[in-house]
Amino acid sequence: MSAPKQNTGEELKHGLVVYLAGQIHDDWRDQLRKKAGERGLPIIFKGPQENHDRSDDIGELIKGKQPNPVYRDHAASEFNNLRTRIWMQKADVVIALFGEKYRQWNTAMDASTAIALNKPLILVRPESLHHPLKELSQRAQVVVETPDQALDALAYVLED
Amino acid sequence: MSAPKQNTGEELKHGLVVYLAGQIHDDWRDQLRKKAGERGLPIIFKGPQENHDRSDDIGELIKGKQPNPVYRDHAASEFNNLRTRIWMQKADVVIALFGEKYRQWNTAMDASTAIALNKPLILVRPESLHHPLKELSQRAQVVVETPDQALDALAYVLED
Amino acid sequence: MSAPKQNTGEELKHGLVVYLAGQIHDDWRDQLRKKAGERGLPIIFKGPQENHDRSDDIGELIKGKQPNPVYRDHAASEFNNLRTRIWMQKADVVIALFGEKYRQWNTAMDASTAIALNKPLILVRPESLHHPLKELSQRAQVVVETPDQALDALAYVLED
Amino acid sequence: MSAPKQNTGEELKHGLVVYLAGQIHDDWRDQLRKKAGERGLPIIFKGPQENHDRSDDIGELIKGKQPNPVYRDHAASEFNNLRTRIWMQKADVVIALFGEKYRQWNTAMDASTAIALNKPLILVRPESLHHPLKELSQRAQVVVETPDQALDALAYVLED
Amino acid sequence: MSAPKQNTGEELKHGLVVYLAGQIHDDWRDQLRKKAGERGLPIIFKGPQENHDRSDDIGELIKGKQPNPVYRDHAASEFNNLRTRIWMQKADVVIALFGEKYRQWNTAMDASTAIALNKPLILVRPESLHHPLKELSQRAQVVVETPDQALDALAYVLED
Amino acid sequence: MSAPKQNTGEELKHGLVVYLAGQIHDDWRDQLRKKAGERGLPIIFKGPQENHDRSDDIGELIKGKQPNPVYRDHAASEFNNLRTRIWMQKADVVIALFGEKYRQWNTAMDASTAIALNKPLILVRPESLHHPLKELSQRAQVVVETPDQALDALAYVLED
Amino acid sequence: MSAPKQNTGEELKHGLVVYLAGQIHDDWRDQLRKKAGERGLPIIFKGPQENHDRSDDIGELIKGKQPNPVYRDHAASEFNNLRTRIWMQKADVVIALFGEKYRQWNTAMDASTAIALNKPLILVRPESLHHPLKELSQRAQVVVETPDQALDALAYVLED
Amino acid sequence: MSAPKQNTGEELKHGLVVYLAGQIHDDWRDQLRKKAGERGLPIIFKGPQENHDRSDDIGELIKGKQPNPVYRDHAASEFNNLRTRIWMQKADVVIALFGEKYRQWNTAMDASTAIALNKPLILVRPESLHHPLKELSQRAQVVVETPDQALDALAYVLED
């Protein structure tokens, strides 16, 4: 049995950095990381803070108590947007996952930013959402229904 | 009584083109156009197709019957996105209006595109939406609660 | 009967400049100009030299006899590309028409340039060509089968 | 006898990433990879999916059966374009090979995209195609007749 | 005596839009406008809100009372930055005036933004400030000591 | 005899702004303006200061006596570069004329800037200069030997 | 006890390059470097020359004696700006520290350049400076009061 | 005595890639490489083909005999420009050396391209050339008289 292949500089030239936009209420990102590892795909996944409470609290944790909920949210967003901007700038591809729950305006924001920055976007959404997402879908590079299909797309890109 | 002032090339150099993103279920754009006219502001407003049925049907109206609802929506989006891309490219400023109803992913898409293209964004939303819109708000140039306040902002830009 | 409406600076702010890429073997551009005029659409159409012989001869007409056919073609292309680059830079939208005849690599070149420059592309092609054009079609903003449908798309953009 | 030189990060700074656009009906890319290896050139070659059937089927393989041939092609192009966009963005140079057979609109698309993105383009074509390719040739950085000459060009760039 | 020359569209093609960055505590902008008029220069001058109190109050005037002075300032800046971004995007040239008084970080911000956006910058400062402004001066297109010299520079640009 | 055609906003949409780079020791620019007028071409020509002494003296005329010839030249260049940058940014096309005399590094600078800014360049040079100008020529859009041929090129662009 | 982790190419893909703009009169940069090391953050910090005398003298050290203090400063700025431009272009994030002392126009220049280049800016300033910095603050990605808070922000970005 | 330090990926993050534009008639580039090595500066130098005959012949060597000297030069320039474009795109800084001999339009072209691409330019020229180079000098980031001073500038950038 061979040892796990180490990522060298050389391999990274052949590999991809992928930003994972979408809800942070379940472990879909870890699932994707695990499956990519099992398939031996040279991908580095980045994304937002996945601890939801920490994501909401981070503004006051760093800057201290704010005068009201609007400014508490404003402070948190300074740090969440800092994180998103940095990793999205380094990404080769963006995957955006939409689901039935939540308003998901952050996801729409990240997906649209990818399009406007000319980063290829893989949009993942259940078919039930096709109507409200029709304009965003038409501008995405790829539209699929599950994260596994998004991984299939990346594997296709990485095939020799 | 003076005649209505005509927009000449000279005046347009001093004027603004504004794209109005947001829902198309009431007449907020006409209200804004009317008030801008009453205040004598040299602004040309552009925006999406405001007839909701026409916006949904336009794909099949031009391209003919599509094989299923997903592709019907895809066809409609070709034309709606064509319209949005053209006028947004000509816009000096983008106003994006969010309300309590609908998912409004189009509005989030247009707002984020404005930010990514470095077009100043005026975000209009009721305070009740501050939490789900916190990341988008933090990146907007201006955040207000009513279209009238957005018009106040434009009037401030246009003051001598 | 009212006089023909003159294009003023004001109207051009509401109007479009459209580049017409594609074969120069029939009068499809004149047809389009005529129909746009009949529908009262404020559009300025630009495009390549439509006199085919002049397009092939222009290099030697200006620069003099070249040493062989390859350099004769090279000289002609200097002037044809000059024309295309200038008008495409001024265009808001590009229409590219593909037909059954000819290799049409110029058309593919202009269409792809529009995409890469982030100018919305309307691709016109008979359905019989869908397979060889599939990658270009997937990146176009709009895909239709006739120039009339392309004009419908522009009319939709220009509707109040 | 010394061991084959390994590509380190240092060497890659001196090396090139090259995208190989063109037909996928013979093994010209493997030939080029082999010859570059024999000449010891530090080049990483990338390109489209070279298995023609897989390239046509990939849309339905990942997204499932589509309602008709146009949409089957559209689905395949989502993934083929994803692959092309990612590797072309990483490329320092693009080589585009044209031959006598096929319409090769993909090749023209990739070649034109390289020009518009300011990536140097090496165009390879038999002299018999000079006339229909004259505009594209005039905008390429280098025009040659065989892949071996394209490799000579890269070797010249890499000479001390 | 001839009538004052009207700016037509034609003349504006030959004219300039100039953004005037700097302090708003005296009437240097009006002086400049007046002198440009007297010299018949086809220049449109734009700039920040020149009423200092209005500039500080505008946030609360439009958005209502804010919870503390930091957020009061934040709100005002939303509108002041909106104004600056819009007019600076339309400007052909930026003049930035520094004086002995005030911290003038806004002026430094506008001057640096002009440089980064590749808009030619005319820096106006008394020689006494040369040391603290040395890095900004070295990157400006022109450095002079008085607004009159800045106008001389624009007149030189506009000479036949 | 018809009255001279006035340039309206409408016509300017169809017209061109051309920057004329090159030596300022004879009246080639006036010749070109005159011939363009005679041919009825809707072109606005811009260029550097054509009074050679004024071009060399302008730094000290505006900024006062400088401490040595290097700084005298530096001061003059602030204003000459201001002029060039402004008009070149507004230009649709750049014509650069090289002759046998002078070093003409300004001309090479303007020509190269046009290429790097993706403005089409028309290079005019006697055939005797082909060797030292070979790299610049290969990157120009058009290479001709006389200003009249450059005007022929513009006339070709403007043909219906 | 494990050996200190070495930065490999792989880790740098996960790490950040940060430019530290601000005064060079105390050792705040070294403090930040030390604390980042203690927290194990994979960050490379770059910044201006921190030896104040060397920063002022560098122009004459390399170019020789200049004719007066203005040109002495000009010469020094050539080299200081060279350094800033190179490292800022490589930076993923810019931290700009403002304090009570000095005019700090360099700091404002670097902070504004970061914004205009779309590099996320972390602005550090005591609350006492909120009024004169209000426009710059409103455009920063993050505003905090101490360098330690800036480091907290970077640590948040780097959390798994 | 320690072994010579190897350049790792980590070090390259701290190092620079420098393009050396200028004449190829003596060994100034090798001198610079040698001195940089002696000073331990982590710099990779790239530049044009330094074998003058090979540079002139390369077009016909790869493409075969051309019909006349102009086309022979044109062919050579395809490959020389390919080389320059590739390495200049990878460079962090450009050094351009002007001397008394030759027309050096290539050098002016490379220097101006660096400015237009926002790459910092170090211009090296004897003081005797200050007048014909005044406009180029005023736009350079640094102007010095010898390659050694250019190396001092790079060493200053690389100081801790």
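Per-chain numbering from 1; labels A, B, C, D, E, F, G and H assigned in written order.
Operating definition for what follows: a contact is a pair of C-beta atoms (placed from the backbone, for glycine too) under 8 Å apart; a residue touches a chain by one contact, two chains touch by 3 or more.
Predicted model only: the values in this text are computed from it and were never measured.
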- Would you mind naming the chains that touch subunit A and likewise touch subunit H? D, G
- Query: Among B-D, E-G or E-F, which chain pair copies the contacts of C-D, with over half of them the same by residue number?
  - Reply: E-G
- Message: If I list every residue number at the interface of subunit E and subunit F, are over half of them used by both copies, so same, or under half, so different?
- Response: different
- Message: Using the stated contact rule, I'd like to know whether E-G or C-H comes out ahead in C-beta pair count.
- Response: E-G
- Task: State the chain with the largest centre-to-centre distance from subunit G, centres being mean CA positions.
- Result: C
- Chain at maximum distance from subunit E, centres defined as averaged CA atoms: D
- Note on the structure: Separation of the C-alpha centres, subunit B versus subunit H, in whole Å, is 49
- Message: What's the distance between the Cα centroids of subunit B and subunit F, rounded to whole Å?
- Response: 41
- Provide the C-alpha centroid distance between subunit A and subunit G, rounded to the nearest whole angstrom. 29
- Query: Hey, what residues on subunit C touch two or more of the other chains?
  - Reply: 9, 78, 81
- Item | Pairs of chains satisfying the touch condition | A-B, A-D, A-E, A-G, B-C, B-D, B-E, C-D, C-F, C-H, D-H, E-F, E-G, F-G, F-H, G-H
- subunit A residues touching subunit E in their complex are 67-68, 71
- Partner subunit D, residues of subunit A touching it in the complex: 9-10, 13-14, 16, 92-93, 120, 122, 141-145, 149, 152-153, 156-157, 159
- Query: What residues of subunit E sit close enough to touch subunit B in their complex?
  - Reply: 6-9, 12, 17, 44, 49, 58, 61-63, 78-79, 81-83, 85-87, 89-90
- Query: Quick one: in the complex, what on subunit A touches subunit B?
  - Reply: 69-70, 73-74, 76-78, 80-81, 84, 102-106, 108-113, 115-117, 127, 130-139
